[in-house]
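As written, the chains take the letters A, B and C, and residue 1 is the first residue of each chain.
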Amino acid sequence: MRIYLEIARLAIHQQLAYRAATLAGLFTNSVFGVILGSVMLGFYGSVEGDCVNGWSPDDAITLIWINQSLLVVMYLWGWWDVSRTIQTGAIASDFLRPISWYGLWLSRDFGRALPAIFLRMVPTLAIGWLLFDISLPATPARGLWFLIAVILGVWVSFSIRLLSNLLAFWLIDHRGLAAVWLTLTTFLSGMAMPIAFFPEPLRTIAELLPFQAVLMSPINTWLGKGDPLLIIAVQMIWIVALVILCSIALKRGERRLVVQGG
Amino acid sequence: MDWQQELGLTWRIAKLRIAAQMQFQGSFLMQLFGNSIMTIMEIVTVVIFFQQFPALGGWTLDEVLLLYAMCAIAFEIADTMQNGLDLVPEQVRTGDFDRLLTRPISVYLQAITLDISVRHIGKTILAFGLFCWAWLRLDLALTSETLLLLTSAWICGIALFIAIFTLGAIVSFWTVGSIEVVNAISYGGSDLAQYPIHIYRRWFRTIFIWLIPIGFVIYYPTLIILDKPDPLGFAPIAPAIGPLLTIAFVALVSLLWRQGVNHYHSTGS
Amino acid sequence: MPSPDPIVSVTCLTRTFQRRRLHRGRFGALRALASRQSDTVNAVSDITFDIQPGEMVGYIGQNGAGKSTTIKMLCGILVPTSGSATVLGATPWRQRKQLAHRIGVVFGQRTQLWWDLPLRDSLHLLRHMYRVPGDRFAENLATAREVLDLDPFLATPVRQLSLGQRMRGDLAAAILHDPDLLILDEPTIGLDLLAKDRIRDFLRTLNRTHGTTMLLTTHDLGDIEELCERVMVIDAGRLRFDGNATALQHQFGGDIEIGVDVAHDQTIALANLPTGVTGEHLTASTWMFRFDRGLWTSGSAVRWLTTIAELRDVSINDGSLEQMIRDLYLSDKTSAHNVN
């Protein structure tokens, strides 16, 4: 266990070193928070009642800002570190290390995500609260559930990313895939609007996919939509399922690697 | 004269690089497709919004899509032309930027051709398609006035977006890890200009009307063509002031670029 | 030969950098986040030298000694903090573009070529960039193709070239416009012996036929031995030695050591060795010889050894630049401009 904590500690240090990048990132998140928030309010200005599919303007604005605040924490995009090790063949030596391959990457990812919670999520939410008066968790319990859901969300996000990285065993060039990937995850995770706004059957599909467990789960716990225990349970089920899928992909990929001689 | 020769050379570099890229057909097509799907999903998002809501700031779906296409055309063309600038921060960090300074032609033109990418072509074509579709749905007439408005909107829009991207390269002469700020302004700017600018709060839209005049350059020509009500009241002066502000912005950016290169000279890497 | 103006003239050139202070220990990263302290570092301090037309000068020193900084200033990439430099009659950082037409620059670790284009296209682009007349281009390209043996990879994209091939391509690119001065930063770094030979050959030819002046930094003693009569040594930003290369090597290079392994039935008599040679019998079939650098080169030593025995294996320790420079620092006799 110590070794994983140590890896995470190193990753945290790496994160803290980029002061300018942190400020720049907060700026970006805020700009997009303002744009998407304004668009959302602009749309709400055109309806008579207050709620659309059970979402009030306050709820929707809060979703926009939570999404911006979690963007870097979840890091759904542009993470192809593992696929790079597959392409260069470095993965073979990673397997030889005396520690768990999965544990190595997972602890690295948590080392990346944990400081982002303090450096990116909290300040972005504060800015959203100042500029758009987003609603805070109604009870301390909801805040706590939110934190748990965020941490589990990181794990789900990591597992999804790992699985897509492992596709590099079979694909030579993943840049096209990366672009499609970025788009689909953005959309299906509820980045631009609540999944509740989707027309059927898209809505049901989105609810049955793991992407909603990354962003929608924390948002729903924050806003008190649905039973937090159920939300957390669904996240955990996804983590287990994805770990199994990853290990299958890894075994097959490894065999392929051996056959091809790296 | 010197200047023309350098532009000719730039074009020559670009042509050769595009030709070299086309040789990896498979990956090229995949990228073209991958990038197009991004635009498609953005359009889908707008359409879904309009299934739940009747209008945005008084504009209908077709009107918003026309505005979206107006902006996307300028942005995608600019993005294709500026690709090399994306590499400047990395080149400055590693010191590879040095080599641009050992050559006898304009550093800016060299920077712009550091990477020529045709992967935005798919998006540009899509944006044009969307534009035509919305134009026909709205049953708009193509008069000499609208043609003038469109041309000036696109020329100014392209110049403006390239200038913003250049700003990103410029910042990197001073600080490492600055790329994100500029992404916020360039991608943010294009995202923002895809929607009617009057839906934003006063302080925010003021920046993007007067300082970085995307509002004047994209929103107002579209508003005039669509003959929509003008909540901000700048429509009478917009066609004249848009290009003027663009020229001012471009001039400012080129001045800053010079400063940036000088700063690089004086600090090294 | 008449004595025209020097090609390069450097006077009291100094360059300082600000370096961000690093924080160590617990919360070090957090403290770095909050503070903006920096230290001033002298990368190059107060160096003065001239280079005459046709000279080939080696510029050596450890990593971070100030070699690259000097070179960047001479190319016009970097502005000095103080002091002056004239290259081909121009001040590099003020007349960078004009100067670019007359100098050739090669950075061993960075290519000047377009990574995605075939070498041939890169060379053609550079021809247009430097406005090289057609006949000059044809002639220079022909020479480069012959001496550097470019033909096998002229049509290959630069990113697919091996390091040695790329370096040869870079050299060809640097001389297309007939530069009067060639500035080479580590031109043989990471190359195998064959590639090194080819490049040295090319540079020698160029110097002989065109009278091209050259300034080259290197870590390789072979480059100095084979190319440069004159050497400048820089350490911690200061010029510590400027003079004859053989004198430097003779003084600080130590002996050339050659170990040989001979066929079983052979033996070498250690009596009556030529002057400047000492020998030692190590094991049954191996001997170790030391050659005085003033009288021998590694080449002549090996040639002599082949005349006295049938060699199965030879290992040469010709001393390294690093060792030589270390010796130089340790000696008290050094000061700038001590020979010449």
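Side notes on the structure shown:
Going forward, a residue touches a chain if its C-beta (ideal position, glycine included) is under 8 Å from a C-beta of that chain, and two chains touch if they have at least 3 such contacts.
Note that the structure is predicted; figures quoted are calculated from it, not measured.
Without subunit C, the contact network of the other chains remains one piece. Closest to the middle of the protein, by Cα centroid, lies chain B. Note: centroid distance subunit A to subunit C, computed from Cα atoms, is 51 Å. Averaged C-alpha coordinates put the centre of subunit A at 29 Å from the centre of subunit B. The mean-CA centres of subunit B and subunit C are about 46 angstrom from one another, to the nearest whole unit.
By the touch criterion stated above, subunit B contacts subunit A in their complex at residues 26-27, 29-31, 33-35, 37-38, 41, 44-45, 48-49, 51-58, 175-181, 183-185, 188, 191-192, 195-196, 199-201, 204.
On subunit C, the positions that touch subunit B within their shared complex are 17, 69, 72, 75-79, 93, 96-98, 100-101, 103, 105, 107, 110, 112, 114, 116-118, 121, 125, 128-131, 157.
Interface residues of subunit B facing subunit C in the complex, by the touch rule stated above, are 5, 9, 12-13, 16-17, 20-21, 95-96, 98-99, 101-105, 265-268. Taken in their complex, subunit A has these residues touching subunit B: 18, 20-21, 24-25, 27-28, 31-32, 34-36, 38-39, 41-47, 52-53, 173, 175-180, 182-184, 186-187, 192-193, 197-199.
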